[in-house]
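Take a look at the structure set out below.
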Amino acid sequence: MSLSHKQMQMIKRVLWTVSLMIVAVPFVFPFLWMVSSGFKNAAEIFGQPSLLPATWRWQNFLEVFDHQPFARQYFNSLYISGAVTVVTLVISSLAGYALARLRFAGSALLMLFLISALMVPEEVTIIPNFFLIRLMGLMDTHVPLVLLPVFGAHGVMATFLMRQYFVALPKELEDAGKMDGLSRIGIWWKIALPMSRPALAAVAIITFLHSWNLFLEPLVFLSSLEKFTLPLALANFTDAYGLPLWHLQLAATSLAVVPILGVYLIAQRQIIESFAMSGVKG
Amino acid sequence: MTPSEKTTTMAHASRVPWLTLRRKEALEAWLFVSPTLIGFVIFFLGPLIAVGLYSLTEWNLLSQESTFVGVANFRDALTVNPDFWHVVRNSALFALGLVPMNMALALMLAIALSRPFFGVVFFRTIFFAPVITSAVAWAIVWKFLLQGEAGAVNQLLASIGIDGPNWLREPNWAMFAVIVTRVIKMVGLNMILYIAALQAIPRDYEQAAQLEGASRWQVFHMVIWPLLAPTTLIIMVITTIGSFKVFDHIYLMTGGGPENGTLVLAYYIYQQGFEFFNIGYASALAIIMFVIVLALTIVQLILRQKGSG
Amino acid sequence: MTSLALSNLAKSFGPVKVIRDIDLSIDDGEFVVFVGPSGCGKSTLLRMIAGLEDITSGDLMIGERRMNEVSASKRGVAMVFQSYALYPHLTVRQNMGFGLKVRKMPVDEINQRVDEASATLKLDVLMDRFPRELSGGQRQRVAIGRAIVGNPDVFLFDEPLSNLDAELRVHMRAEIAALHGRLGNTMIYVTHDQIEAMTLADRIVVLRDGRIEQVGTPRELYARPANVFVAQFIGSPKMNICPAASIAREMSGDNLELNKAVQVGIRPEHLRVAAKDAGNLNGRVTVSEYTGAGSLLHIEVDGVGSFLVAEEGQVGAQQGDVIGLAFSNDDVHLFDKDGVAIHR
């Protein structure tokens, strides 16, 4: 018996979808397991595994806040990431504008310098930066967590993303702005920026996530619990012997990850496009 | 003509102001880049030079003393300290495992998801989700899933009759586990870059090749793959550099263990600098890492140049 | 009111001189067109007047004031750009009022001026649209409206019609001419299209390599071009040029007074087709192109060269025909060895 062309196509499509679903398992499973285990009690965590908890233990999510100043830490992450995002937007769009639109001797050299920063891992400069921050008296503050991403590889990436976008803006618009009496800052603020919303959104999204997920810098610069950011706090759910308190750790991790995932699911198109635009790391 | 031309220019020269539009533009440009430039010098260029200087000293933070020792730290790393080559081997293994696996999977997923079909957005969203998730959360969850007997992965394997290893407690399996979980976390990014590149290839090429009777594999091998070459190069450079940067993932999953089996260069630098306070030695390691990353980038760019030329 | 005077105006990028010693005065209310091939410096010169490019040397006077170092927005000039340069994120109304808002004019007055301009240009129904929702002609009109609201002394147009299709171009050309008639401002208009120049200008300035080749009314330029370049640039199809000696040798009948001319030029529309031996020259038709109103003939005259003839009427000469070419001596232009016109 031979199958019609249409039937073959159908079977192919089903097989295709099923195989993609199998590949998707290790991508989805950790999230499901994380949330479900956040509801389990300590005993069940090590018992017979099941995707759904035998009893839903909501208290885990409250105990998270007893174990550490988790609300404070959550807020720290929010406001630091917000600050990094705003500062990065301003600084990278200023520099990106100059590199894209203004003629000045040394711009090519400057670009080369900045590109080199993209190649260097932050582990290379973290030791001198530690001494620098200590010298400035900024240890155990949030200042370095704003300064280092803004002026590190990530800031350079944002600058290049903005530059890439500004390069494509028509030059005559700026001339029109000059005829209308705008200063250079005015042209940047009232013409270049409003026309570059997609690039600004991309930079904002990537920058926020970058700062939100940062780990090495908080680990090096922060020491007091109430200053911690989320990633540092999550790593810190251990008992007196340094062993993980799994049910609390997973509940806290769920609290940190799920809202971001929620935003991602709503705005997945925009977020994915932002990363595609950057063409660089996250 | 010439003399009169000269006198007119001379006569007007005094009236031309210093701040021409051209100079004003350059001045404004420097003002615009100055925040970036100053920050770059203070937090990147300065530290890069400083770390080079530190690497030439014997400096333990606990003793508060630093003495110039020349290249002793480098000699120590390269010839004396057995840990160093072990760490380099680990980093190389990590990169050699991660980069090809990541790129191959990314390309396969991209090919599968570059054409519209029912569910394409769903799958893209899923494969990209780990990219936006914090490395810390990802590491915590996988550490949980990969526990010895109680871990979900092993329980799952047991249900189909496979006796899984204690993933994170056996050196070779631990390396394998950190690589695979890292690939799952980051493959979505490369997938997106490949999808963008694939969608930018005009369908004409493929259709022309198909009209000439090329098979699907031939179309891919002879048309698509060469057109993807620039993207492949960028992805390779980014992924390779990225693989050397990986710190949080390993720090949280294995802590560099077991038996230093997953102790990679980035972690080793952190350990020497911030746990053992050997600033001089850690700085030398940082310089070595810098050189390795730079060399790999340059080699890849040269290979590409030769390939295309 | 507002005249312009350019004296010895020059601009160079390092050693490269792009504008050389331009002397020109423009009267109040005059419509002056800068025309020339691409790269001749006409746009650069306009941008120097606008304040968008540095003036390396010389003086720019607008009215009684020396404007060399005055910023673009304070020169009392407005500019209409080739790409219209409308701000895509602002509505038509906001676009037109933008410059006034930057200059901190009261909102009431801005609205009043914008409304006036929109009435003049029939933009009323478009005021709340964004530029992307407008057609090319409408965008052009908004760009002009934006220039009008600032009530400038001088309007500058930088190839404003080159992005429009042929039909719309003719229409907008007429609108700009009408606008000039109504407003009476001084206008400077840059184009590479000599027909635009001829139809719009009170005076045309022909530029080449950053220099003025000739200044004059359209009629002067057409009738008495100063040199071969202007002669060939103004008029379409362009003027036939041939060596003087050869044409004198080949010509039958009455003698042309050559006055040491080295080159001779005759416009295609001044050549008439006659029967063989009935004209001043004999030639053979190599190509005959029917254009509707008439034909364009390419005629090879042995020992002289090739001539283009614009022949009117439906019955044109055919390829291969041997015909006579007739012209009046008054229509012959003479040029010396440097290409400079010799006037009789």
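In this document, chain identifiers A, B and C correspond to the written order of the chains, with residue numbering beginning at 1 in each.
Here is the rule we go by: a residue touches a chain if its C-beta (ideal position, glycine included) is under 8 Å from a C-beta of that chain, and two chains touch if they have at least 3 such contacts.
Nothing here was measured: the structure is a model prediction, and the numbers come from that model.
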item: Which of B-C and A-C has more C-beta pairs touching across its chains; value: A-C
item: Chain at maximum distance from chain A, centres defined as averaged CA atoms; value: C
item: Approximate Å spacing (C-alpha centroids) for the pair chain A, chain B; value: 16
item: CA centroid of chain A to CA centroid of chain C, Å; value: 56
item: Where chain B touches two or more other chains at once, by residue number; value: 22
item: Touching two or more other chains - residue numbers and ranges from chain C; value: 51-52
item: Interface hub residues of chain A, defined as touching at least two other chains; value: none
item: Touch list for chain A against partner chain B, complex; value: 13, 16-17, 20, 23-24, 26-31, 33-34, 37, 45-49, 91-92, 94-95, 97-99, 102-105, 107, 110, 113-114, 117, 119-132, 147-148, 150-152, 155-156, 159, 184, 188, 209, 212-213, 215-216, 219-220, 230-232, 234-235, 244, 246, 249-250, 253, 256-257, 260-261, 264-265, 268-269, 271-272, 275-276, 279-282
item: Chain C residues within the chain A interface of the complex; value: 47, 50-52, 71-74, 77-79, 81-83, 85-89, 98-99, 102-103, 146
item: Contact set on chain B toward chain A in their complex; value: 22, 25-26, 28-30, 32-33, 35-37, 39-40, 42-48, 50-51, 54, 109, 112, 117, 119, 121, 123-138, 140-145, 150, 152, 155, 184, 186, 188-189, 192-193, 195-196, 234, 238, 241-242, 244-245, 247-248, 251-252, 265-266, 269-270, 273-274, 279, 282-283, 286-287, 289-290, 293-294, 297
item: Touch list for chain C against partner chain B, complex; value: 8, 10, 21, 51-59, 68-69
item: Complex interface listing, chain B residues touching chain C; value: 5, 8-9, 12-13, 15-17, 20-22
